[in-house]
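To keep things clear, I will list the structure first and then write my remarks on it.
Chain IDs A, B, C, D, E and F follow the sequence of writing; residue 1 opens each chain.
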Amino acid sequence: MDTLQTNNAPEFVWPHDDTSRVPYRVYTDETLYALEQERIFRGPVWNYLCLECEIPNNGDYKTTYASDTPIIVVRDENGDINAMVNRCAHKGSLVCYKPRGNISELSCVYHNWVYNLRGDLLSVAFKRGVGGKGGLTDEFDNRQHGLEKLRVERFRGMVFGTFSDKTEPVSEYLGEELVASIDRVLIKPVKVLGYHSQIFPNNWKLYVENNKDSYHASLLHVFHNTFGVVRPTMGGGIKISDSGWHHLSYTQRTDIADDQIGKEKVRSRQDQYRLQDTRMMEHRLELGDNVTNSIQTVFPTLVVQQILNCLATRQLIPQGPNQSELIWTILGFEDDDEDMLALRVQANNLVGPAGFISMEDGAVGGWVQRTAKANGREMTVMPMGGRTIEPSEGSRVTEAAVRGFWKGWRDCMGI
Amino acid sequence: MTVTDIDNGLMLRLRIEALNADYIHCIDDDRLEEWPDSFTEDGVYRVTTRENADLNLPVSLIYCQGRGMFHDRISALRTANIFEPHTYCHSVSALQILESTGGVHRTKSNFLVTRTMSEGAMMTFACGRYLDTIVEQDGALKFRERSVILESRRIDTLLVIPI
Amino acid sequence: MDTLQTNNAPEFVWPHDDTSRVPYRVYTDETLYALEQERIFRGPVWNYLCLECEIPNNGDYKTTYASDTPIIVVRDENGDINAMVNRCAHKGSLVCYKPRGNISELSCVYHNWVYNLRGDLLSVAFKRGVGGKGGLTDEFDNRQHGLEKLRVERFRGMVFGTFSDKTEPVSEYLGEELVASIDRVLIKPVKVLGYHSQIFPNNWKLYVENNKDSYHASLLHVFHNTFGVVRPTMGGGIKISDSGWHHLSYTQRTDIADDQIGKEKVRSRQDQYRLQDTRMMEHRLELGDNVTNSIQTVFPTLVVQQILNCLATRQLIPQGPNQSELIWTILGFEDDDEDMLALRVQANNLVGPAGFISMEDGAVGGWVQRTAKANGREMTVMPMGGRTIEPSEGSRVTEAAVRGFWKGWRDCMGI
Amino acid sequence: MTVTDIDNGLMLRLRIEALNADYIHCIDDDRLEEWPDSFTEDGVYRVTTRENADLNLPVSLIYCQGRGMFHDRISALRTANIFEPHTYCHSVSALQILESTGGVHRTKSNFLVTRTMSEGAMMTFACGRYLDTIVEQDGALKFRERSVILESRRIDTLLVIPI
Amino acid sequence: MDTLQTNNAPEFVWPHDDTSRVPYRVYTDETLYALEQERIFRGPVWNYLCLECEIPNNGDYKTTYASDTPIIVVRDENGDINAMVNRCAHKGSLVCYKPRGNISELSCVYHNWVYNLRGDLLSVAFKRGVGGKGGLTDEFDNRQHGLEKLRVERFRGMVFGTFSDKTEPVSEYLGEELVASIDRVLIKPVKVLGYHSQIFPNNWKLYVENNKDSYHASLLHVFHNTFGVVRPTMGGGIKISDSGWHHLSYTQRTDIADDQIGKEKVRSRQDQYRLQDTRMMEHRLELGDNVTNSIQTVFPTLVVQQILNCLATRQLIPQGPNQSELIWTILGFEDDDEDMLALRVQANNLVGPAGFISMEDGAVGGWVQRTAKANGREMTVMPMGGRTIEPSEGSRVTEAAVRGFWKGWRDCMGI
Amino acid sequence: MTVTDIDNGLMLRLRIEALNADYIHCIDDDRLEEWPDSFTEDGVYRVTTRENADLNLPVSLIYCQGRGMFHDRISALRTANIFEPHTYCHSVSALQILESTGGVHRTKSNFLVTRTMSEGAMMTFACGRYLDTIVEQDGALKFRERSVILESRRIDTLLVIPI
């Protein structure tokens, strides 16, 4: 019995026989949040850490988070990428307190303990004390005092880390369809064109659900529906990994006729609404198909995005039950020419914290969080496309991928 | 430099401060349809972060070039986009005239935006620098370019009203 | 056994045989706060929602709160006033995210589900899916997916809502004396002259106690005592509903001689203190009597106020154990003439967040909250006027009404 | 408009900024007894919220008309009212001269008030607009009316020191 | 069984057989924090309250805190110094809401109850009611309604208070060595030269450990090591009270030769780094020895400091598990001449929130707090100088004093 | 006082505002090596709190007298001291010229400093007054003394960048 077990499962039983209903309590409960740290982010999942191109040279490092756990990603002298918890093994100071840099070793400022770029403890200051007084006793074994290490895998230029030995390789974790779909987007070497961050006043799961929610896209976002980026009448569909954990939702320019839908009036379709300058809606078909929008979600907290020519990774960082931070890394291809760069700069008006499309996903999460406080026992309902977790070809009017996320959550949480 | 030169330089300060005041009140008063008028026809408005600027990264949060895009930002805000009603209150100060030749003035100033939600919650939403290129046009001053450099890369919830 | 029961009563037993002592813990405890949500604000009480005159036309709505629960009050096409929880039955978004407006139906922006002004679900977007794919299954029954409704009653131009079927009609709930006293103040149709809000850094119950505390008025507020609005030597008294939950405290211009009191020196009586401009102390006897001050409190969180010619409702919104918001709605009568309006504008310098009288009630609450943290086991004492909950004619020097509030709290909480 | 007119307009900006500075430091330095001197004898000072202003609601948080009421606000604060000691630090900027005729100037500017409690807790207490009517009086400028429009309707705890 | 017991010990067992390892959970746990209030700050310890010279005249008072408990320290009409909880015995308002002042009695503004400067209740407003109505019943006994009193002891110009009858006299509490060392610093009557406050975004114990951590001084602080204020090669050592609760660490100008150390390269030794103006490093030997630095820590939260000619007391005020406030009271001697004052003004550039030396202790605490959230079960290790709590003559390269602090914590907490 | 005197006084306002702007941007832009240049060779810079000032207590948080100590503050920040990277954004306003004789100007203004940590966390770090003695030096203005009076005695974590 671990006497330090802070995270003993709360007396919480899933209140429904499937994942088509979710109790509001999961968005506000402190104990569940603590349990998520242990069973999800430090559990059998792959946490997105960064892109390889952000630490191109040996010695380059970047700091990031797996929810509450601060992490260092560093490229060592052999060019290997390693990740470790950004917590000194001595008294727990942050080892790297700057967001990025280039180093030959990891040295903690507090008492000058030094680690190599794999996280092994190299030296302890004054280990022999002074004048034979103080210092370490012989029982101290450097090998037992390294930084906590993550298992790292690189995939299509992205760097992932896991705390669990059981997590299968990334490609198996993702499954064939996700692998194919990510291949399609990250088709060439990428470079970073910009960073943004968005602080959501809501639980992280609300934003993840939003990403998996192919039903909302054409209903919440006027720009999607009115300008034909994502329209119910457009082709495409959603795919879900066998595990149910990951999904992709895509839209094609091809229209599928459907009078009934044509007739259905929704706020988000404003045919009279026009842009004076349409440059930002321009779409260069650079990925060899006519897909306007392809959203890949990787459990728990990564999105790989293609919206027209806006490419990005989105890394979500849960920061307590009531807040989360979304890091946008806006991408281009290394071989972009001037025009393509200019086009991406224009197009990125659509995404990010001020994006004509994406800003609205920032608004709704906070609204749900506010109502979640009201009565934690009541439940959301997700009836679209039944109660199962099935892919859907030709239609995105389903909540199957969201139900799949909740399956993943329950798988990890053991709830 | 003669006294007159000094005076002219100082007069220019005042005219630019007046321009900034007009710019800010049109936003804070929610007269956003007038916002594009502070810019020249082909003016540029961009909002980016100190991080992106320091790393020379080209993508902004907002990028408008030419009246059309200015208009579209406002029309989307009025008719297309969904967000919780809120207002800004700008502070602007520390105007610095970096260069002033041939009726083209490069200036810098600091801003602080306090956001108030309709229910009353206030927060420091953004702070940073205005990097401006200001030109004379029919006896008035207009922004040929205004680059808003946010100190923080963090945006609370969303950014829809120009800064 | 409800597996979602978050609000299981804490191992909390009332430490005293009556309500003349209150443990400080009740002002800071998170679990008790959660329990209050369920057993008080969503329990057998009438929550004040707004005034009828704030939503005069069909389709007018206003949003408000019953503590943590967001609420919509709307006047439907028949002129009836309905109230429902401002949480979409689908995934919980706020349905109305603007404070006021006029609408013909309630439509949620997230996925465009639409409700009528009674809260019944009218339509689900794309319920038949696209091309026969996705959408709802037949088992979905609109009638089971409306907004959560409150039972609404109008009383003297005020709108009240309750979550419980058991709550008796408002007039019974209030009892004869409160009804009579509210009739006296809201004697004619009112109009809103202004809104203010005050954020208190303290538990809601501290402000409610302050309102019920007829003992403090002439001791804390120099303006009350020095300028003869509320003076111990002035006539009046307090009345308490049979339930003990509600009270009214009133003061008359008639002086009751009492040398002993005349002699007792208190800080709040500063006979040498004078105003240069006394316009704001002017009092037009508009209610047919010489009552200078009449405070009606309705359990749990409403005050109906008359101070000279300052009329207002005060709605308290608990926002966690350590914060509460007070919404002042400043009133006049529809038939006020110019002079009366001018007089009210002057007189309102006495009340509100900057009121010469009321500001002080804002200060003391935060001070108690600060000391409440110190040792939650210790107790306040309320010995004035004994330990019982009796009205008091001719004297306000009693804490009976506060003891009555705690009876109400215990009645609801089952503690 | 001649250069001199411009200059005079710009000079007026500076004089009004000086007036605002005097006003603010008398409050922030706790020389509140001097506060009424910034107003004309029959001056008006009111504090209301953007919500009340937008809804055309007449009642303010503070309403002073004439020296007597200004004096009473301060004497009450000094001798009658109970509150925790605190100080303000004002920022003021974005001065806009809306109209200036016959020695009567209608102006607008933005303010931000940071409140510091005696134990050191700081917060953004208020922000919003000053809507002023300023007149010339024996070669000096005075407020005939200052309307303080608070962005938020929320007041933390209480409002006792004028803004 | 106390039904109000909020602070029931969490199911927390010390995970290690000694105090050379500390679980991160102790820095973040709310329940442990509540328990610390009861068992440490209101337990058998001496809380530093203020200096005698801050309340020189009869009637002078100062408010302070023992962690969450607000306290009044006042000099009564006999010149005795008394301390009581700053909470009215009636309804709990702060009695003194100004930081300092001079008073003849303690009168609460809320209902005008009045106490003498010893905290005894003198009078209750309107205790006989009005016209024989209201007021107190005979059962009310003033003697049972005074302010909660602390036991006070003065020591070398400092004022201490305790809530426990069991706490031994200050000199015994400290032990001979601490007494001698404090005597050495507070050798003459002092005066206050300035106050600073620092808000640490971390648990109070991290700052206390930092003070006890003689190992870090020459490794974190470049100014210490580079300019020879505290250098591993300098003489001195640490002493620890028999209880292990208190410690002192001192450094002498005398160099102890030690090649091995001379050779050990550490970041904090930058021999090439020079000051253009060395006035602030000037040291007048005013205490009759060549000690450059002498830090006395008194359990739980006091530091008495001599760094060159910078004298100060540092009072730490825990403010929840994740924040603490440090109050610096900068001292000089009453008989300082102009030059000495000027020298202290210069020298104090080294300490305080902006001190070239001390600022760094502000940085590291927050970094540990951030990593403490990551996994509360893991532990810090303190291997320097073994696992015991022994003094060390001639070397400060030991963590014995920190281990001693944890012994004190466990002694009090019963964990 | 003649119109010209007024004008000169007003011109001085503008020159001091320009000086403040230069001072602030050199800090906010992290060009700290230039910071000492705003002062005279023997200039004094101190940061203290309103509490210490009110109690006439002599010890400051920062005390620099003479170029050497200014230089040392910056060199320590660059090479010796350990802290988490952060930047300031200053607002400055309410300039008041208290006295101006013989090329020596005593002035007061308000500042507000918003601090942004490298990860993006923003907070109101400090606010208060600048109490300055400014002198003419080869046609430019320099601070002979700048006393920074912080409203709050509380410093979050640490103070390393000058205000």
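Here is the rule we use: a contact is a pair of C-beta atoms (placed from the backbone, for glycine too) under 8 Å apart; a residue touches a chain by one contact, two chains touch by 3 or more.
Here the structure is a predicted model, which means the values were calculated and not measured.
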Subject >> Chains in simultaneous contact with subunit A and subunit E >> reply: C, F
Subject >> Graph distance between subunit A and subunit D, where chains that touch are linked >> reply: 2
Original post:
How would you label the subunit B and subunit F contact, same or different, if same means the shared numbers make up over half of all numbers there?
Top reply: different
Subject >> From subunit E, the most remote chain by mean C-alpha position >> reply: B
Subject >> Approximate Å spacing (C-alpha centroids) for the pair subunit A, subunit C >> reply: 44
Subject >> Inter-chain centre distance, subunit D versus subunit F - centres from mean C-alpha coordinates, in Å >> reply: 26
Original post:
Roughly how far is subunit C from subunit F, going centre to centre by Cα mean, in whole Å?
Top reply: 48
Subject >> Multi-chain contact residues (two or more partners), subunit C >> reply: 97, 109, 197, 220, 360, 363-364, 367
**OP:** Any chance you could list the residues of subunit D touching two or more other chains?
**Re:** 14, 82, 84, 91, 93, 112, 120, 124, 153-154
**OP:** For this assembly, give the contact graph shape among line, ring, star, complete and other.
**Re:** other
Original post:
Can you name every chain pair that touches?
Top reply: A-B, A-C, A-E, A-F, B-C, B-D, B-F, C-D, C-E, D-E, D-F, E-F
Original post:
Which residues of subunit C touch subunit D in the complex?
Top reply: 192-201, 220, 222-223, 226, 270, 273, 275-277, 279-280, 325, 330, 341, 344-346, 348-349, 352-354, 356, 359-360, 362-364, 366-367
Subject >> subunit D residues within the subunit C interface of the complex >> reply: 47-49, 51-52, 55, 57-63, 66-69, 71-72, 75-76, 79-84, 153-160
Original post:
How about subunit D: which of its residues touch subunit F in the complex?
Top reply: 11, 14-15, 17-18, 20-22, 24-25, 28, 87, 89-93, 112, 114, 116, 120-124
Subject >> Residue ranges of subunit B touching subunit F (in the complex, touch as defined) >> reply: 6-7, 10, 13-14, 50, 91, 93-97, 108-110, 112, 124, 127-129, 151-154
Original post:
Where on subunit E does subunit D make contact in their complex?
Top reply: 97-99, 109, 197
